[in-house]
Amino acid sequence: MIARGRIEPLLLGGITGLLLLIMLSPILTVVVMSLTDGSTLQFPPPGFSLRWYRSAWELLADPADTGRFREALVTSLAISLTVMILASAAGIPAAYALVRHRFRGKPLVEILVTLPLVFPLVVLGISFLVIVSELGIEQGFLRIVVAHVILVLPFVVRNCVASLTALPLSHEEAARVLGANWWRSLMEIVLPTMKPGIVAGMLLAFIVSFNEFTVAYFLYTIDVFPLPVWLFSRSNTSLDPTIFALSSGVILLDFILIWILDRLVGRQGVTL
Amino acid sequence: MVRAAISRAAGEERPAGPNPWLLLLPAGVFLGFLILASLLILRLSFGVKGAEWSTWTLESYRAILSSLYLKSILLTFRLSIVSTAITVILALPVALFMARVTQAYLRRLLLLVLLLPLLMNLVLQSYGWLVLLAPDGLLNRALRLLGLIDRPVLFLFNESGVTLGLVQTAFPLAVLPIANAIRTIPPSLEEAAALLGANRLRVIRHVLLPLAAQGILAASLLVFAFNVSAFVVPFLLGGRRVSMLALLIRDQMGPLLNWPFGAANSVVLVALALAVLAAYQHLARRRVR
Amino acid sequence: AGEFAGKTLRVLTWTDESGQAAVNNIMKPFEAQTGAKIIADLTGATSEMVAKVKASASNPQYDLVILSGVGAIELSKQGLLEKPDADKIPNLQKVAPDLRFGGDGYAVGYLLSTQGLMYSTARVDPAPTSWKALWDDRYAKKLFLPPPQWVEAMELTLVAIHLSGATVEKPDAGFEMLKQLQDRVVTLGENPPQVAELFRAGTLDVGGPTSPLYYPGTLGNPDYALNITHDLAEGFYFDPQFMIMPKGHPGSSDAVHALMNYALDAKVQAKMVGSVAYGTLNQEVVLPPDVLKRPGIVSPELIKAKGISINQPYLAQVRAEWIQRYTEIFGM
Amino acid sequence: MIPALEIRNLVKSFADGNVIAVDDVSLAVAPGEILSILGPSGCGKTTIMRIMAGLERADAGDVLLEGRSVLGVPPHKRNVGLVFQDLAIFPHKTVRENVAFGLRMKGVKGADIGRRVDEALRLVELPPATFARRMPNELSGGQRQRVAVARTIVVEPAVILFDEPMAALDRRLRDRMAIELRRIQKQLNLAAIYVTHDQETASMMSDRIAVMLHGRLMQLGTPLEVYRTPANRFVADFIGDMSFVAATVSGAENGRTRLDVFGNPLDLASDLVPAAREVTLGLRPEHVRLEPEKTVDAIVRGQLKSTYFSGGSFVHRLLLSDGTELVARSEKAAFQPGQELWVAAAPEDIRVLAS
Amino acid sequence: MIPALEIRNLVKSFADGNVIAVDDVSLAVAPGEILSILGPSGCGKTTIMRIMAGLERADAGDVLLEGRSVLGVPPHKRNVGLVFQDLAIFPHKTVRENVAFGLRMKGVKGADIGRRVDEALRLVELPPATFARRMPNELSGGQRQRVAVARTIVVEPAVILFDEPMAALDRRLRDRMAIELRRIQKQLNLAAIYVTHDQETASMMSDRIAVMLHGRLMQLGTPLEVYRTPANRFVADFIGDMSFVAATVSGAENGRTRLDVFGNPLDLASDLVPAAREVTLGLRPEHVRLEPEKTVDAIVRGQLKSTYFSGGSFVHRLLLSDGTELVARSEKAAFQPGQELWVAAAPEDIRVLAS
C-alpha cells in the first residue's frame, strides 16, 4: 500500500525484530550454553557438543531418580494439568455469567476476577503459607494448585469472555427458539464457539502454572517439589551446563505449548 | 457496540439456565481463598511479632515510616515507573507492527517470541542474562570491541539490571493490549488523515496514538502493577543490591520472622495493586461504552 | 533388614552441596544400615528452614532439620523444638563440651561451618593474610560480600567492628567501616555457583566471609582458580551447625536420635569434611593428608588456633537491627 | 377463525421505563397470512418479535399462540419460528446440521430428520446433494438466507417471524428472496410476520402492513389502503413519497369543503375534513401535474428548483412560497429551473390530513 | 478544458492477479461536474477511488490531476479529497478539530484556520456556534456526514471523491443529503466523483453516470442516456427495472426490422438491430400494458403470477411460455392471478439488445 509507504513496515519490522531479539536473548543464550563442550559458562562456548544433553538425559533416566528431577517434572506436570482443569471449570462458567448476565455487584466481581493479575505473588505465596499453617493443611499439592488456579483464573476468564463476546446472542437465541433448552444450547452452540477462548485460557493456565516460581517457592513441601523450584535449588548448588540442557528442554516444551496455543486460537488472538 | 451491549442485557420471559451466582460459585471458591488470604494479611499487619493473632497495634505501619522501608517503597516506585515507561515506549512500535501484520506465519512467530519471556521460567532466564551482561559478558565485550567503553560496565546486580529484567518480562503485557487497541482503529482514519495532508509521523501522532491512548494507559497500568510487586527479577538479577518491596517482605516474612511487619508492607503493596486495578477496570469499562 | 525398617524420616537441610553430601555420607549409609527410609528436602537456607518449621508448627512435617545456630536458637526460643536425649547420642561425648548443644539444649551439634576469605589465586598473590584485604583499593569493584540475612553478614559486621575498634554493644564505627565498601561491592553473593562463575570471568577478586562448603565443585577446579583462606591475622569465624527435632515431629524419635548419633560418628564426619570442607566437631577425626592439602579445608589444629565461635545468643538479639542496617548500606 | 398469533395491548419499556419500546400494540396474524411490520429504526419492531418468541418479557399485555396465552412459556417450548436479522446461522455446523438442529432438539428420530431436512432444503432451492455438507462460510449471502429459512420452517412452527433478514442483501437479491419467501409461505400456508423498514419489500410480500412509529401502531391495512388512505402524515410519507402543503379550511357545505391554499381557493368533495382549521394537503409525486399557466385543478404556485431523471421519469423539485418543498414526477421534462409553475392535481388524489 | 481528474487505462488486480478489481478503465471529470460511478458490490468502485487518492497503487494506467500525472505522489501530497464510506471522522477530536485537521496539516495559520472552518461548517449547514465543540458521538448520522464533507472541502481539493458515504443513512435522509451535496458542489464549482450502488441516488445527483461491472466500464453517459439507451442488458437492468424477452430476427427492410417473438410477428422501426439472429427485447415495467385481448401493439402472451401494490402503482409479474419473468406496472389492477394476458408496448419503448 502506498499510504503507509514501503519504508514503514521495514522500519517497524526492523525495530520489532531487534527488540524481540533482545527480549529473547537470555533464552537464546541458555540454549547456546547448553550446547557448549566446556564445563563452565564461558561464552561464547569454546566448542559445541551434546555432552550436557547426555548428562541431562542421564538425570532424567536415572532409575533411582536420586536427583529428584523426574519427580519434580512429574509433579510440575501434574500440578499444571490439575490447575488447567480446575481453572477452566471455574473460569468458563464465570465468563459466561459475566458476559450474559446482568446482576448486582458485577463490577466488583469483574475486579475480583482480574485481581490475581496484579496481586503481588510474594504476598499470595506468603499469605497462603500462613493460611495453610494456621489451618494445618499440609497437602502441598493442593495448596500450590489452589494458589495457581487463583493466579491463572484471569487468563482463563478473560480469554473466555473475549470469545463469548464474539458469539452473538442471536445464535444462542436461535437455538432456544429452535427448541433447545439452556443446557443443550450451551453444549451445542456456546461451548463449541467459545472453543478458541477456552483453549487459549487452558493452555495459558498450563504454561503459567508450569513455569511459575514465586508462589511455588513459598508453598512447595518436601513431597511436592515442582520443577521451577527444583531448577532454582539445583542452580544454587552448581551451574554446570546440565541445567542449561534441562532448561532448553523446558524451553522447547514451552515453545511447543505456545505454538499449539496460537494454532488453536488463530485469528482471535490471546488476551492477557 | 451499543446495540450489542443492549441486546446482551435482554432477558427471557423466564430466565434461562442457572442463576449467575451459581455460575460464579466455582471461581468464587478460589477467589474466596484470595480474599481470605488478603484479610489474613491485613489482620497480621496489626499484630506483634510472636503474638500475631492476639494483639492489635499500628506499630508495624509506624515502622514502615522508618527510613529503610520508606526508601524501599520509593525505590520500588521509581523502578516500576521507569521500567513501565521504557516498556510502553518500546512496546509501541512492536504493537504497531503486530497490529498490522496480516501474514499468519509472521503473526504466529511474533506471538510466540513475545510470550516466551513472560511465561518462561525466570530462574533460567536470569542465567542467560548473567552470561550476557556480566562484566565479562557478551555485551561488555561487544562494547569494548566497538571501542565504546574501555572498562567493563556493570549491567547486572544494580538498578539497570533489574530495570532490564522488569522491562523484558513485562513486555508482552504492554504489547498485546496496545496492539489490540490499534487493531480496532479503522484504517480509514489513517487514510483520511493522509489525504488531509498528514505525513506518516503526523498520522501516528495525531490519529493512532490518541486513539490507542486508552489501550496504552491500560497497558501501562498492567505493567506497573506487575512490576511494582516484582519478586523474581530483583531477587535473581539484583544481586541483593536492589531491595524492592517484595524482597523485603519476603525477608521479613521469612528469615526475620516478623510477620506483622511483612504483612503491613504487603498491605501497602496490595493496596497499590488494587488502586491500579480499579483504574484499569474503569478504563476498560469506558472503552466498552 | 535393620532396626528401623519400615520407618520413614523426613529431613530438611540445605539446598547446596552440603545437603547433597549429607544425603550421600549420612542418610544413604544410615538407610542401608538401619532399613529406615529417609526423605530429604534440600531446599533453602537456614532462614527458610526456620520459616518452614514455624509455618508448619501446628502440623510438623519434618523429623530432623539440620541448620545453623541462629535458626536453632530462633526456633527453640519459640518453643517449637523437642529436647534431644543426650543418652541416645553416645557420639556426643567425643565433641568439645561447649559445642555439644545449642539453642538452650534443644539442638545437637552437627558440624562446623567455617567462614574464610575467598580470593582468586590468579589475580591475588600472595594470599591475603588479613580481612583488611576486603578494604584494599586494588579490589574495589571486584568484591563480593554475603547477603544481609546470612550469618556471614553478621560475621562481616563483627570483622568490621573489630577492625574499627568498636564493640559489639556499640557497633556504629563498624557500620561506618562497612559503608566504605558500599560502592566497592559488586554483588551480595547469594548464589555460590554464580559467585564462582564471576571469579572465573574475572569480575571478582576477593570476597567473604564465605564458607568453602558452598564451593565443592569449583574450589579445586583450575578453571576457576579459587581459594578460601582461613589463616587470617584476625582469625576466622565458625558457625556450629545443629540438628533439631521439631516438636511433635511425625517420625520415630529413636530413629531420629540414631540418625543424629550416626552423623557424629568420626568416620562419617571425616567423610563430610572431605566432601564438602566442613570443620569437624568430633575431636577424634583424623584427616588424611590429601584432604588436608585441598583448598578451603581447615585442619582441627587451625580451628583450635584461629577459630572464633560467634556469640549466637547475643547476635540473635541484635540480628534484626543489624540486618536492617546492613541492608540499608548495601541493598539500596 | 382463531389467529395463528395474536398480541394484545403489548407494552415494553427499557432502561427502567425511560425508553418505551412498545406502547400498547395489538395485532393478529391469520394462518396463511403475511403481515409486515414497517417502521423506522428504533420504532420497536424487533422488540415485538422478541416478545412474541419469548426472548423478551413484556411489561404488560398478552401473547396468544393459536388462541392460548403463552406468557411464561420459555422460547424452546413455544412453537414460534424466528429468522434473525443476522441470520444466526451456527458457523460451526454444516448446512445439514444447522437445518437438523431444531428437529434434533424436538427429539425427532434420525431417519425422519434426514428426510425432513432434505425436503426443507429443496423447498428453499438448495439441492441437498450440493449444499448439505457445506459450512456456512462457504455460502453466499442469499444462500445463507435460505438456510436460515429452511432451518426455521423445518420444525413447522405455528407462526414464523422474520426480523429484517434481508437487510444486508442488495436490492435485486432482496426482491428475489422476498418473492421466494412469499412463495414458500403460501405453499406451506404459514402465518408469518415480516419486519422491515423498507416499504418496497413490505408492499411486495405482505397481505397487510402494520406501520409503527415510536413504539406505537400507526396504521394497519393492506398495502393499497395504507398508500391510498394514510392515517397521518408520517404514514403517508413513509409509504411512498408525499409532499405536504399547508392549507386553511374556509368553509364546508353539502359534503364539500372549501380550502384556502396560499390565497388560492380549493373545493374538495370531502366529509373527511377534520374540524381543525389548519390542515395539510398530501400530494403524491405521480399525481401532481406541473402547468405553466393556471388550470382549473391548479392548487398552488411554486418555483422549480431542479429536475433530474430517475427510474423512468423526471423528478421535479419545487419551492413553495413558504419554503416547503414539493415533488412532482412527469414523463417529459419541459421546464427550466427557476421557472414559476402551477401545481395541479385531480381533487380525488388530494389527501387532507390533520396538521 | 483540462479535466480536473482523469484516469487512463487503469488496471488493478489483487491476490496475485487472481482478482481483477479494475480492468482498463478510463474516465475524466471536468471542474464543476459530478460523475457517479454506479455498479454492484465488488465491481471495483472503491478500488478506483483509492487509486485516484493514492491509497492504492495501480498495476497499469495513469492518474492525472489537472493534467499532470500523479503516479508515485503519496496521498498526503495529492490534492484529492475523499469522503469515506464509514466517514472516518476522528472520534477523539471535536467537530472543529476534525474540520481544522487538514488545514493544520497544510500549515495554514491559526486565524485563517478559524475563519475557514467556520465558513465550511456554515456551508454544510452546521452552525459553528452550536456544533463546533461537539464530539462526533454527539452527532446524528446526517450531521456526521456533513462534518465529513466539511472536513474534505475545507482544504479545497482539486477533486472530491465520495465513496458511498451515505450507505448507512436511511433513504429519506439519503435523498436530502444527496441534494445538499449537489448544492455545495455546484456552489464551489468542485469536480466530484460519487460512488454508489444505488441508481436512484446516482440519477439524483450526477451529471454523468459511469456504470461498472466486474471491474470494467459498461457505459458512460447522462442519467437519461443510460436509462433510455442502455448499452447492454446489465446496464438496462441495473438502471431501473427491465424485463427481457427473447426474440429472433426474421427479416429487415427499409429501416424496419421484423422479429419473431414466441411465434408472434413484431415490426420495429430500427436500424439498430444487430446482425445477430437471436436478440433480446428490453421492456421497462412502466412501458408495458397488459391486455386481456390481443391488440395491435401486443408482443407476447403470459400468465399473471401475482400482483402487488407498491409506490403508487400495481406491479404485475407474468410468466412467459419459456419460463422468463416479465414485470409490468399499472395504475389499476383489473386482473386475477392465473389469467392469460397479452403484453403490449409502444414500438418506440422497446429496446433491442444483443442476446
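Per-chain numbering from 1; labels A, B, C, D and E assigned in written order.
Basically, a residue touches a chain if its C-beta (ideal position, glycine included) is under 8 Å from a C-beta of that chain, and two chains touch if they have at least 3 such contacts.
On a predicted model such as this, the values are computed, not experimentally measured, just so you know.
Undergrad: Chain D and chain E are the same sequence; what rotation (0 to 180°, nearest 5) superposes their CA atoms?
TA: Superposing the C-alpha atoms of chain D on chain E needs a rotation of 180 degrees.
Undergrad: Which pairing of chains accounts for the highest number of C-beta contacts?
TA: Going pair by pair, the biggest contact count turns up for A-B.
Undergrad: Look at all chain centres (mean of CA atoms) and spot the one farthest from the centre of chain E.
TA: C
Undergrad: When the C-alpha atoms of chain B and chain C are each averaged to a single point, how far apart are the two points in Å?
TA: Taking the mean C-alpha position of each chain, the two centres sit 38 Å apart.
Undergrad: With centres defined as the mean C-alpha position, give me the chain A-chain B separation in Å.
TA: Chain centroid spacing, chain A to chain B, equals 16 Å.
Undergrad: Averaged over CA atoms, how far is the centre of chain C from the centre of chain D? Could you give it in whole Å?
TA: Computed from C-alpha means, the inter-chain centre distance equals 90 Å.
Undergrad: Send over the residues of chain C in touch with two or more other chains.
TA: 51, 54, 194, 197, 201
Undergrad: Show the residues in chain E shared as contacts by 2 or more other chains, in ascending order.
TA: Within chain E, the residues that touch at least two other chains are 54-55, 74-75.
Undergrad: For chain A, write out the residues touching at least two other chains, lowest number first.
TA: 3, 5, 41, 129-130, 134, 168, 170, 176, 181, 235, 239, in rising order.
Undergrad: Can you name the residues of chain E that touch chain D in the complex?
TA: 40-41, 170, 172, 179, 182, 197, 199-200, 203-205, 222-224, 227, 237, 240, 284, 286-287, 306, 308-313, 315, 317
Undergrad: Of all residues in chain A, which touch chain C in the complex?
TA: Residues in contact with chain C: 39-42, 129-130, 132-134, 136-138, 220-223, 225, 229, 233, 235-240.
Undergrad: Which residues, counting only chain B, touch chain C once they are in their complex?
TA: 50, 67-68, 71-72, 75, 130, 134-137, 152, 154, 156-157, 239-243, 248, 251, 253-258
Undergrad: In the complex, go through chain C and note every residue touching chain A.
TA: Counting only chain C, the residues touching chain A are 10, 12, 15-17, 20, 39-44, 51, 54-59, 61-62, 191-194, 196-197, 200-201, 217, 223-224.
Undergrad: In the complex, go through chain A and note every residue touching chain B.
TA: Per the touch definition, chain A meets chain B at residues 3-5, 8-9, 12-13, 15-16, 19-20, 22-30, 33, 41, 43-44, 86, 89-91, 93-94, 96-97, 99-103, 107, 109-124, 126-131, 134, 146-147, 149-150, 153, 157, 165, 168-170, 176, 181-183, 186, 207-208, 211, 213-214, 227-228, 231-232, 235, 239, 243-244, 247, 250-251, 254-255, 258-259, 262-263, 269-272.
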